[in-house]
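Listed below are the structures to be examined.
In the two complexes below, chain A is the common chain; its partner is chain B in one and chain C in the other.
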Partner chain A sequence: MNSKASNISAYVFLILAALCSVFPLYYMAIAATNTSVDVIRGTLLPGTHLFQNFSNLVAGTPLGIAMKNSLVNATSLTILSLVICSIAGYGFEIFHTKGKDVVMNILLLAMMIPFASTMIPLFRMFGQMGLVGSTVAVILPTISTPFLIMLFRQSSRDFPHEIIEAARIDGLNEIMIFFRLFIPTMKSTYSAAAVITFMGAWNNYLWPRVILLQKETMTMPMLISNLKAGYVTDYGMLMLAVLICTLPTVVIFFFFQKSFAEGISGSVK
Partner chain B sequence: MKKVLVLALALLLTFSFVACGSGSKDKDASSGKDGGDSQTLNVWCWDPSFNIYAIEEAAKIYEKDNPGFKVDVTEMAWDDLQTALVTAASSGQTEELPDIFLCQNNAFQKNVTNYPDLFVDISDSEVDFDQFAEAAVGYSLVDGKNYGVPFDNGTAVVALRTDILAEAGYTLEDFTDITWDQFIDQGKVVLEKTGKPLLSGIAGESDTIAIMLQSEGSSLFNDDGSVNIANNEELKSAIEVYQRLVKEGVLLEVNSWDEYIATFVSGSVAGAMQGCWILANVQSADDQSGLWDVTNVPKVAGVSGATNYSAQGGSSWAISSNSANSDLATDFLAKTFGGSVELYDNILPKTGALSNWLPAADSDVYNEPQEYFGGDAVYAKIVEYAGKVPSVNTGVYYYEGRDAVSDAITKSLGGADIKTALKEAEDTVKFDMGQ
Partner chain C sequence: MSEQLPTTQKKTGLSFSSKRSLTGWGFLLPASLLIAWMSFYPMVRALILSFQTGPGSRLTFLHPFYQNYARMFKDEMFRMSLSNTFIYLIIQVPIMLVLALIMANLLNNKKLKFKGVFRTAIFLPCATSLVSYSLIFRTLFANDGFVNTILLNLNIIEHGINWLGNTGTARFVLILALIWRWTGYNMVFYLAALQNLDYSTFEAARIDGANAFQLFTRVTVPQLKPMILLTAIVSTNGTLQLFDESWNLTNGGPAGTTMTMSHYLYEVSFQKSSNFGYASALSYVILLLVAVLALIQMKVGDKR
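And then the complex of A and B:
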């Protein structure tokens, strides 16, 4: 009887927690189908204004351009970041040199430096290189992050060193070992890293806003920010833009969901 | 195996080339402002239905006498524009700045003082500043030099639901040219008879106090730029009025801007006091058409120099010193925002953007009765108010002062002594100023 009661209370608690988590998403979807005034007045039911909001959004903002730019920036950063950080993480774990721990510690210390403090020197640097407004300038500062290097280094610890020895005896060189043995084995870590990097890059706001000064280079977070900058905010349109902006990250997350959990917990199959 | 390696390297190279390629393309696109096209001005501003629409309409008018002229507008929220200005100025990379940008009036002094190299002095240009409302010109006037052309009119108004007032036995005249004491007394009656507070405001923000303070001809800073908070009697009176408004339930405090808008759009309060730009939000509820009207703000009783006129917000156009076309930019602003009744006539119906340029008020469009406001010619009324707003020194540290006073208001509403709270606020601002 007691266990039944505790089961019920656990269910009630979990249902409430689930409702709290899901409600903002529900509200976002509902608000996207309503007029601005209805959203302001707090309606919680679906409306009939979805297509009107969509046509307003398409007509009033460079939605296509912003989507394309965000996709190009986030995808290039994710691919390059994964290649570079995994090589670094692998190298730190597999190869033993004297100073590697010192270098790793310096990298970890770099995690403590807030981005805002390096923003102005970075802008100056890219300005002098004539790269302001370019994709390169957006992705270069975050192409290698201490967090990803650490993630790959931690995962490499579970990578059986005997396989490397065997591969060396069989005549594979170090680069081949990395590409042919390490990458296929570490799929789940790559998935986790891809999800984290893509989401970070997709939602990145401050640096792209500072470095991308032309309207042709606008990204989705900037587009949303602009929607809220006027005297009158069209909340229905705003929520639809937020919904559209959320979709790619949701798709990526669900696509990699299974391996993401494995990658974070560091399992190697 | 080689295939994997080749594929990986090819991917890396492709992306690098794509990235570099897009970089050089963007650079080419932006090079126009460095003198590449002498008839195109780059502009940074925000709000497509207001500022962007206005500058594009201005360009159409200017183009009639200057064939080939156009503006290339980049939409940028104010906070982002401010960040971009600071980053460009601090890093010395000002060549990325546009020819013209819009600047919030309250931030103008600080930007000109901190980054004088970013702004072009237009005091001796064709712009006739005497034709603008004095208070509006004051925001962009630094050391006697003009750095901005006033655009967005921030004249404060009280917009009221006349149907709710009628329920309580009042008309708009009962709320015109009155003091805050009368406003609170009548507000109590309205609350009692209709259950609705007259106003709403965001808790912990000092917008309402700022409006009262400017109506008294006072500010948080003295003319020499020093802080004027701890011993500012006008500020103390304004805070006392605010405390009474909240205590009597005449002003309903909410937690965010969105909730604030919701209070009058949903009809749970009977009015709003803000810069006149709030009328765009007031008009978003179609079912309230004809039920609103506009009047001036109450004045603080017992303060010499107190008026029924004030301002809140607003913005001005500035010309960037990086502009290779600064003469063209000045001429464009002088002949449109500082010289075209047609422009203000064109933008008023769609945007509700009101002129700080006083000659525009004589136009027929401004004198047209507005159906939403019960047939009252509210725009002509507001421009008339604009000419009477006391000009005050917003100070370089306006936002720091505002935030410190907001904290003081919260403390005083919580029961703290006003004098002590204001002394703390003054110390905070002095600390921010490095004193």
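And then the complex of A and C:
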């Protein structure tokens, strides 16, 4: 009896938690299809205003530009980040020496540096280089992260050394071994790293806001944030914009949930 | 290994290994240089900046050099943002971590049905950007928003609550939003850790007559301690750097009573009369707090 009661309370708790987790997103999707008036009335059913909201959004904001910028920034950051951090993680593990351990420990300290305390000097550095407003300036500070280096270092541990030895005897050089043997065998680590890096880059707000000043370089989070500024908010349109900004990461989440989970908890095994 | 090799080969072997070590350095050079250039170097620059004053193009050193730091003690807005940040930290982080622990523990039950559905649903908020969920919560808790509409229709309240216009309720909404966004994230850490636990300890406790609650508090939680410590440090670090929520959900208001430190730092840096020197001093306070709190948590974690 006792275990049955606790079983039921477990289900009740989990159902409530699941509903609370999903509801705000359901509300967002519903509001995106309704008029602002209906949203205010508290409707929880899909409406017929989706197309109208969309054309209002396209007419009132640089949606296409922001979407393109976010895609370009997040994709280029992800590719560069994966190559540079994985080659470093691999280097730390496969060519392990005490000196490299020291370097790794120093790099790990960078994890504790709040972005706030590098933001202003970074802004001035990119200003001096004449790069304010460029893609390079947006992505450069976050290409190399101790977190990803650690993730790849951990996974390099599972990479069989015999393969490397065999490849060396076959005359492959170290860079070829990395690109031809390591990358293809470590697909799951790469997809985990890609998912978290892309999501982080897509969702990043503070730094793009600081470094990208013009409308032409606006990203999706900046676009939706600007929509709240007006005196009268068109809730239907606002929620559609939020939905469009959220859709790519939610789709990635559903397809790569396992990779995502591995990615965030992966380097702490 | 090398001891077994004849001397002639030993020599070439050594040069091989030192060559390889050099290749290894080459492999980690780009990443290391980038971190040095994009994190450590700016951190040093920020320290120098924190002793300076003036507009970005004409910075001069202060006399005495610690003037920016002294100024903070008299800065009401700074004190407010500091105490706001600590209110979020002290209330939100423990609630979130306890909830995440409970959920992970429930989901770890092998007999539980629809496990995947629950896990996906609770984890889902992590897929939304910080700006997105801030705006969703802002809409839900607007004066004419969904929460007021429902409460009015159910006759629970007579007049709509100005959620984001009052200090107490605005802080409540911000904390609620943070819990919503991050509980699933921490749950994933605990789920990963639970899978590596030693099940014989559970069997032993069960045979000794421990109930589910005792099993959780006496067996599970102590074994998860390293992971709890890690999530506490990560969450503390994140809370001290809150910006997107403060900016987009409450806009720091009313009258700055929900403004976080990073939000204030942004205002000092880029709004009104921008003051990079003072902002850098503020950023060093955040840096110090992150470091000190992490150290304290590690010390406490070690002792227990």
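Keep in mind that, in the parts below, the second predicted complex is superposed on the first by the 232 of 269 C-alpha atoms of A that agree within 3 Å, B and C clash if a C-alpha of one lies under 4 Å from a C-alpha of the other, contacts with A are read in each partner's own complex, and residues count from 1 in each chain.
The working rule: a residue touches a chain if its C-beta (ideal position, glycine included) is under 8 Å from a C-beta of that chain, and two chains touch if they have at least 3 such contacts.
What you see is a predicted model, and the numbers here were worked out from it, not measured in a lab.
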Of chain C and chain B, partner touching more chain A residues: C
Chain B versus chain C as contact partner of A:Lys68, first or second or both or neither: neither
Chain B versus chain C as contact partner of A:Ser225, first or second or both or neither: both
First, second, both or neither for A:Gly42, with chain B first and chain C second: both
Contacts of A:Pro141 with chain B and chain C, given as first, second, both or neither: second
Partner chain in contact with A:Arg157 - chain B first, chain C second, else both or neither: neither
Touching partner for A:Lys258 - first (chain B), second (chain C), both, neither: neither
Partner chain(s) touched by A:Thr118 [first = chain B, second = chain C, both, neither]: second
First (chain B), second (chain C), both or neither touched by A:Phe92: second
First (chain B), second (chain C), both or neither touched by A:Thr246: second
Chain B and chain C footprints on chain A, overlapping residues: 40-42, 119-121, 123-124, 127, 206, 210, 225, 228, 233, 235
Residue numbers on chain A that touch chain B, as the complex places them: 36-37, 40-42, 60, 72, 76, 79-80, 83, 119-121, 123-124, 127-128, 130-137, 139, 172, 175-176, 179-180, 206, 209-210, 213-218, 222, 225-226, 228-233, 235
Parts of chain B lying in touch with chain A, wherever the complex brings them together: 1, 4-5, 8, 11-12, 15, 18-20, 22-24, 26-27, 29-30, 46-50, 73-80, 83-84, 87-88, 90-93, 95-96, 258, 261-262, 265-266, 277-278, 280-281, 284-286
List of chain C residues in touch with chain A within their complex: 20-21, 23-28, 30-32, 34-35, 38-43, 45-46, 49, 56, 99, 102-103, 106-107, 109, 112, 117-118, 120-133, 135-140, 142, 144-146, 149-150, 153, 180, 184-185, 188-189, 191-192, 211-212, 227, 230, 237, 240-241, 243-244, 247-248, 261-262, 265-266, 269-270, 276, 279-280, 282-284, 286-287, 290-291, 294
For the chain A and chain C complex, residues of the former touching the latter: 2-3, 6, 10, 13-15, 17-22, 24-25, 27-28, 31, 39-42, 84-85, 87-88, 90-92, 94-97, 100, 103, 107, 110, 112-125, 127, 140-146, 149, 174, 178, 199, 202-203, 205-206, 210, 220-221, 224-225, 227-228, 233, 235, 238-239, 242, 245-246, 249-250, 252-254, 257, 260-261, 264-265, 268-269
